[in-house]
Structure formats: structure tokens, C-alpha cells
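Below, chain A partners chain B and then partners chain C, in two separate complexes.
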Partner chain A sequence: MVADSRIVWLPVAAIAICQPAQATVYLTVEQAQRLMFGDGELTPVPLALSATDAATVERETGTRYYPGALRAWKAPDGYFFADAVVGKHDLISYAVALGLDGRIRQVEILEYREAYGGAIRGAGWRRQFTGRSHADPVQIGRDIQNISGATLSCQHVTDGIRRLLAIYAIAIAGH
Partner chain B sequence: MKTTITACSALLLCGVLGSAAQAADATVADVEAKLEQQILQMQQQLEAMKSQLEQLKAQNAALAAQQQQQAAQAQVAAAAAPPAAAGVSPDLSLWGYGEIYYMHPTSEAANTQFDLARAVFGIGYRFDDRTVFNSEFEVEHAIASADDRGEFEVEQFYVDRQLAEWANLKLGLFLMPFGLLNEHHEPTSYYGVQRNFVETLVIPSTWREGGVGLHGNTRVGLDWDLGVTTGLNLGDWNPNPEDPLYRTAFDLEASGVAPMQATHQELQFAKTQNLAQYVSINYTGIPGLLAGAAVSTGKAAVATAPPGLPDQRVTLWEGHARWTPGAADLSAVYAQGRISNTAAYNLVNAGGSNPMPSRFLGYYLQGAYTVWQREGYRLSPFVRWERYDMGADFEGIAPGFTPVPTGLASDGKPWPQPHDRVWTLGANFYFDPHVVLKADYQHFDVNTDFTRIDLGLGLSF
Partner chain C sequence: MPSPSPAIDPVQRGRGEIRRARPLLGTLVEIGTASELGADRVQRAIERAFQAVARIQALMSRHDPDSELSRLNRTAAQAPQRVDPHTAAVLGAALRFARLSHGAFDPTIAIGATAATAAAGPCWRDVELDADLQVRYRRPLHLDFGGIAKGYAVDQAARSLLDDGIRDFIVNAGGDVRVGGERTVWLRDPVHLGAGHCGLRLRNQALATSAAYFSPGAGGGNAAAHLVDPVSRLPYRGTTSCSVLADDCLRADALTKVVLFAPPAIAERVLGRERARAIVLDPSPAA
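This part shows the complex of A and B:
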């Protein structure tokens, strides 16, 4: 009998806080571009990696390269990248700003769809990437700390950023 | 006459020269005008070409962006639905994990076993941006039939609905947010061939209950989860088995003898006269650090004590921490459970070989270090010390009896003790982040014949 009254309050609370919200998109690509580069003009940079470059990226990063997921823009003072990786079951979209020196200035999570593991949105975790470049390991357990409970999200976003840095170094800065 | 001719000639010359000069003036003006016109035309042409060029540039940029976007969309679709699942909705997700154990008790070679302990398949479906369904189906010990020891079970089956950026609602059968392992129990996530004893015998992983929960995370790194779930059915407790329920460490983990293992209901005709509540918090605001605690409490799902005696209540609380600075991975868990009013139950079942404990607990410390890592390969040795006690306190033990029978069991050996201190030394070798080979040596201080060498293969995708 007591149990009945206990179970009632949760859905009630749930309805009370239920509000229209754009569920999982924290930033659009355009918002991230403005956040990272202000009003600076951004020009799309086509990324067409040769088979040799793609193989180099895969070898150097220990990840697989699929053409197309990564998009790049040139800004007056750097580069803007938008990418997506699979977290545990769902896609995580994120954006990275690089300075002209190829070092990461900022990482933002654009969209996180999983019900759990959202802790990677925390500024503390994302800040670990600041200043890193293709010359750094950018690996969980080496220069990037994991978040327990969000292991796969951390792992896959870190892999994506390591690959992105390699693509920048090989296909953009190297040409 | 000569003068006249001369004058005429002079006049004529002047006239000719004059008209020639006039003619010349007219020609220059014409040329200038033509040139101006031509320049103007060229300017116009240049402007037109410039504008065409701008248009072409814009078209080119748009085309490049479009191509990238199309490629990105193709990639997103490919990532969401791998080629094997071509034709299947991108909203559907499939995953799985499993593990195989080889266990060799060092003093009882006859008890060596090789077991496909778990094969688990997950199916998820995203209904919309805010609503997702997750489920996991598990076959334990390779075959599930009436004649075999294996089980087929639904491990998770819930709908998660995002209510706001900071809060989600979950409904169904879900994992309880306790300890380090219960919610992250894939073999690639933990050290050692088998799960640790604390998070098997005290926190009964894989512990799930049916109910409703609210959970969310905050920007400062504080995750929270609370809800109302099915409770424990103490009526499932077996107070008087004729023979020991386990004879090896593997039996101990696999036979469900621990207080909460024996009484959780797994949403199979679950008794719900009384429900339980839980709350958990976790802090992950500092990269590499996780610290958290959780508590669950509720009256026994149905009354087991004789009428007129107070209801029984089961409470479990735990605290956990994990710190992963660089290549090191340090973790600790403490968990303790209490069952109230066990005296009446034990007096009714006086002399039983398995009285109901009023308190059970366990804790461990574990350290691992990645000594070698290259291109997906990783070698991480570890050491763990743990203590578990499935019967830390008993009430209502009849005079002349002990919680564990003192004589020999029917197999001629002493009854095993429900508590121990265990050292585990071993290593996880990953040849891909999703595939791991494991080896360890476990030393038991009390039940010394449980000491064993284990080998294992684990995978998750």
C-alpha cells in the first residue's frame, strides 16, 4: 500500500520537468564555427585523400579512415573540423578548432545521442586536447585521461581526434 | 602672272593644308572614341567575366561542400548501419559481448573446467532523437535447456526518454547503478578472467531490476540516478541445502548463493507487494577520476517472517573510486548489505545449513599498469586484493548450532566458509581494444582449495 504512493512520484516529477528541448544537439556546426572563429570567413577545404595518404593516416593512428565523415574549413587564423564517431551504439558529433600551427585550440561536442556516457561533454575532459598536435600521442592512458563509465565514448572521440590531426598534417599542411 | 600663280598656289596650299589638318583632327577624335568604346566594352567584358568567375567559384565551393556533406551523410549512414546490416534501419543498433573461461584449481585438478560463460547480444532502437530502446539477451554456460545448467535470460529491456537536457526517464528492466562493474560488465572493461568477488557476491552483478528511474548528468561532472524498482524476494532463500552449494571458486560465482544473488528477481513474475528505492551519484568532473556511491533500500518483496513479526528490509550501500593517471589504473570498492529482522526467520528454520545473514560485505583494492601499448595492442598486468564475507553477522542462530555446519558434508569434505581474502595476480592482453586475452592466479586464504589458475578470452563490439 505504501509502495503505491512511492512509485507515483517519479513519473509525476518526470512530467513536471518535461519541457520542449532540442534533445541532443548542443551546438550546430554553424554555432560551433562562430564560437571558435567568430565572424571570420570560413572556406570549405575539400578533403580527398589519396590511397597512399589514407594508408599513412591509418598506419600512424591505428584507426580506420572512412572518406567523407570529416569536413574541414579554412579560417583566417586556423582550421575548423567537424567529425562524427560511434560512441557505444550511437553517433557522437564533435568539432575541433586548430591554430595555423596545427595545434588544437578547442574541442566541442556538437551532438551526443546516447543515454549514458555524456560526461565527455564536460569542459575538463575536452580541455585535455588543447595544445595537442599530430606530434603528440593523443591516446587514452597516455596523454588523455579516460572517464570511467564513458570509456567507449572517450576512446572513440580520442581516436577520431588523433585521426583528424593526422589528416590535417598529411593532407592539408603537407600539401 | 607669276605672282598670281604663286598666290593661287599659296592659297591652294593653305586650303589643302587646312582641310588636311581638319581631316586629321576628325580621324584622331574618331580613333579616340573607338578606343574608348573598345575599352569600355573590354571593361564590361571583364566585369562580366569577373562575375562569371565569382559565380563559378561559389558554385565550386557549394559543390565541394555538397560533396562533403553527401559523403558525410553516406559515412554517417554507413557508421550507423554497417554493411552487414545493409537494408536495416539506421535507427537499429546491434552489439554484443562474451567470454570463455578455463579454470584450473591448483589442488583439485579434477575440478578443472572450460566454459563459454556468457554470450550476449544487444538490440537497440532509436525511435526519435529523444527516445531509445535498449535490450540485452544472454546465454550463460553455452546451452539453456531443462537438462542443462545454462540459462537464457533478458539482462536489460528498457526505454530511455530524454525529458530535458539534464534529465532522462528510464522504464523497464535496467542495470542498477552500483559499483564500478555492474553497469560496465563487458569483459574488455575489467581486469581478471572472472569478475571480482565483491561485485559478484555483495553487489550481485549483473544486477538488474524492473522499475522506473530518472537520471542525468551535469556540466560540472556530477551524474545522478534515482528510482523505484522491484525489491528482493527473501522467500527465495534456501535455508537448509543438504549439500554445499559450491565447491570451487567458479561454482561460488556461478551458482547464485550470495544473499542478493539468491533473492533478486530479475523481473520474472517478480513479487511487488513492496518496492525498493535507490539513488546513486558519480563524480567525473576531473579527467581520470571517478568517485561515487549508491544506496538501495526496500522491504522484502513479500513477507517471509511468521505473521505478527516486523517486516524485513534489505539495504545495500557502496562507495567506489577509480583513478586512471596515465598508464596506471587504480580502483577501490566497498559494499555492505543488511537484512533486518533475520532472527525470526532463522529461528523458524533453526539448524539449517544456510541461515540468512543480517549483514554481508566486501571490499577490494586493485592496481593495474599498462606496460606496453602499440597499434591497438595493450598489455596491462594487475594485482587485486579483496575480502568478501557473505555472512558477516547472523541473528537467531539456535543454541548449539553455527552459521556454517561444523561437520563434514556428504562428499566427506568440510563445508566451505562464506568468507575469504583473495589475492589475484594477472594480466589483460588486448590485441584490439575489443578483444582481450586474460590470465590470472587467485590465492584464497580461507578456502585454500579454491586457489586456481584461470585463462580467458573476452570480446565486445
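This part shows the complex of A and C:
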């Protein structure tokens, strides 16, 4: 490269600095409730699914149902939900506001917790990547992505919201 | 150390910073500010900034059949279509970067192409955009703004925050970052995700990163705009990560692909013209 090059090449080895695992709290459940429903009074709503209903939710949404994971509150003008999804690399809790018509009004991430820094830093995990990069053809859109795991996290939230809506339909709207 | 993005870690500022995140653009979009305008005013400004991002998503998502981009991809090969000024702005910029980079950046993708036929397929020269915001495809093709619309959406969020009087902020859409004021962001080793970081000081600037990222057993993740080499039309197989610093995020986003795919001399020229700089993290063994 010429001296005034606008491209800087860095060998990766030069930037190997370990960082602790990461977590960000964006909003607490109470802050999200106030943001979404103001000072409206919120009443907890029990979400008890029968085994049959739980199986229906899992079948229709292609997700696992964990009893007690999803929490719901009734507001004067809608419903507030707090839920969490676990990905391979992270845990994301989030809140959803539904109108009385069951339509999504707002989605907010509550907390993001990353698993890097733990097992994922292990050599065995890294070898998976290395092996893959030289193996069979990589699937477009699945194995190569513009920027990485953030996209997977988003997919998990999307799956979680689909599950949440199915539970709402059975346990709240259906009653 | 917070971040919704495995590629970029914006540094947490002092106390009093308000941060919010929402699932948008196929990733988590994070907006943070330490503005002292007052919590209510700041929350409303953040809300409007998210809405600005959501508007761009509604126009330009390739995965939403109701988006304007999807409508274009269905109909613009048959007849010219008038588009929203935002869509025209992104398309205009995409075609400009395609021209400057001699096709190394290319927003078009062939429909149903195989490795054998892809190279002879349609390209950016087959897309017309006129002054009346009319778009026409000369051949059947699809536009994909995956390499540029995220950066533009980040810029729109930044503009909304600035319009609301917020000068100190960070907008981070899964690694496409725009900073108001001054902040440090961290780059990561694209292969050993947990292993390495590199700090960069940004001052009223944008940073975008593109990297090949192998995700064994990921399943799904299909909302991603993957990297496709626009010359060979095959998926990018390298393990190099490229980050670009520029005045705005649309430029930074597009220029990462120029640096990854254009001959170095062309990349240097385009970077110089756009007043941008690139950092390439090359995982080949250090000399």
C-alpha cells in the first residue's frame, strides 16, 4: 500500500484483546410499562395454558413454549407483555404492547445479554467456523450474512412475538 | 460493555444516557443519547427516530411483499414506476456507487440465476431512474438494497435526532453506526467473535462493517442481506472484514462492498472521492 493509502490493513492477531461478556439494560419492565401505557393502571393477567393449548402454540408457531416465561398485564386501552428469547449466543428480553384489538402497538427491547466471553471463546467452538469455511458450499443467506449474529437475535425476537400472539389468542382473546 | 451487535460495541457513556432498542431492519436497532434536553423530550425524539427507521424499512424491505421495493421488483420490468423520494435517493446513490466502482457495488440481483448463468445476467446498468422519480428495469431483475438501505435508515434516524435538537447520540443498526458528537466504537475479529477488539474514535461520523460470517447451525437468519460478489455473482467466501469511516452511514455501508470487491486502485479512488477511510481486518497469518 502507498503511504497515503485510505485503506489500513490490520492483521487480526494484532487486535486480540479479551473483553468480558456484555449486557445492556435498555428499559426495566416498569419503565416500559410507563412508556407504553403512561399512568394507566396495569393488572397482571394469569396465562395458564392447558397441555393441549401449549401443544397448539408450539405446533402453530414452530417455537418451544415455556410455562411462566411470558407475563401479561391488562391496561385500560390494551395489554402489556414481557417475554424473553434465548439464542445460541445471547438472551434478549423484550416488551410488547397490544391494543384492545390485539394488534401490535409497540415493541421495545428490555435487556440484551451476550454469551461471548464464555464457552463461545473456546477453541472447540472456533474450530467449527474454521472447518465450515473450507467445507461444502456455503448456503446463501444462511451461512453468510452481511453483519452477523445480530440478525439471528432479531429472528429470535420475531419468533418470540409470533409465539406471544398465539398465546394471546388462546389465553386472552379466546376468553 | 453493551451492544446488540456482535460486530460493533459502542461504548457506554456516563450516567444519564438514555438507550432504547427495537427489532427493525432485520436486526436490533439501538439509539442512545446523553442529551441533557430532559428525559421526556429525549424519549419523544428517540421515538421519532425509530419511526424514521421504520418508514425506510416499510419502503425498502425486500422481504416485505408490501414494500415499495417489492412492488418495483414485481412491475418495473414491465412499465416505469414512480417511487417515493427516499427510495429514489437510495437507488440514485446505489447506481452512483455502482458506476464509481465499475460494478463492484451492484444493487441488482439476477432472478433464479445459477453459478453458470449469473455472470451474464442483468446488472446495475439495466436500471433507469429519471428526474421524475420514475424507475424502470430494462431486463427482469431484482433490486436489493441490503448493502445500502440500512445505512440510509441510520442516517434518517440521525437526521431526525438532529432536527429535535439532539447533538450527542449513537444510532447502531447491527453494526451500521452513526455518531453525533464523539464516541469510541469497537471492531471485532470477524472469525473469532469473542477474541479481538479494535477501538475507533468517531466524531460526527459513520462506520459500517461488512464481513463474511459463518454461522453453523444458525437455522433461519434468512432476513439477512448476505454478501454476494457482484462480479462472479457467487456468495462471498472470504473471511476478511471491512469497516469504512465516512461522513454518513449510507456512504460507509456502500463503500464496505466497494473495498471488499473492487480492485484496490479503484477502491482507493472511490474512498478518496467520498472522503472515507477503510479498515480491513485480514485474518490471514500476520507476517
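What we mean here is this: the second predicted complex is superposed on the first by the 115 of 175 C-alpha atoms of A that agree within 3 Å, B and C clash if a C-alpha of one lies under 4 Å from a C-alpha of the other, contacts with A are read in each partner's own complex, and residues count from 1 in each chain.
Heads up, the rule we're going with is that a contact is a pair of C-beta atoms (placed from the backbone, for glycine too) under 8 Å apart; a residue touches a chain by one contact, two chains touch by 3 or more.
On a predicted model such as this, the values are computed, not experimentally measured, just so you know.
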item: First, second, both or neither for A:91, with chain B first and chain C second; value: first
item: Partner chain in contact with A:171 - chain B first, chain C second, else both or neither; value: neither
item: Partner chain(s) touched by A:36 [first = chain B, second = chain C, both, neither]; value: neither
item: Which superposed partner A:46 touches (first chain B, second chain C, both, neither); value: first
item: Partner chain in contact with A:155 - chain B first, chain C second, else both or neither; value: both
item: Touched partner set for A:24, first chain B, second chain C, both or neither; value: both
item: Contacts of A:112 with chain B and chain C, given as first, second, both or neither; value: second
item: Touching partner for A:104 - first (chain B), second (chain C), both, neither; value: neither
item: Footprint overlap on chain A, where chain B in one structure and chain C in the other make contact; value: 6-7, 10-11, 13-14, 17-19, 22-24, 26, 88-89, 114, 116, 121, 128, 141-142, 144-151, 155
item: Complex contacts: residues of chain C adjacent to chain A; value: 1-7, 9, 12, 19-23, 26-28, 30, 43, 146-147, 150, 174-176, 186-187, 189-198, 209-228, 235-237, 239, 259, 264, 267-268, 271-272, 276-287
item: Parts of chain A lying in touch with chain C, wherever the complex brings them together; value: 1, 5-20, 22-24, 26-27, 35, 88-89, 92, 94, 107-109, 112, 114, 116-117, 120-121, 126, 128-130, 132-133, 138, 140-155, 157-159
item: Contact set on chain A toward chain B in their complex; value: 2-3, 6-7, 10-11, 13-14, 17-19, 21-26, 43-44, 46-47, 62, 66-71, 84-86, 88-91, 113-116, 118-119, 121-125, 128, 139, 141-142, 144-151, 155
item: Interfacial residue positions of chain B with respect to chain A in the complex; value: 61, 64-65, 67-72, 74-76, 78-80, 93, 95, 122, 124, 126, 129-130, 132, 134, 160, 162-165, 167-170, 180, 183-184, 189, 211-215, 217, 219-221, 223, 227-228, 272-275, 277, 282, 284-288, 290, 322, 324-327, 370, 373, 375-376, 378, 433
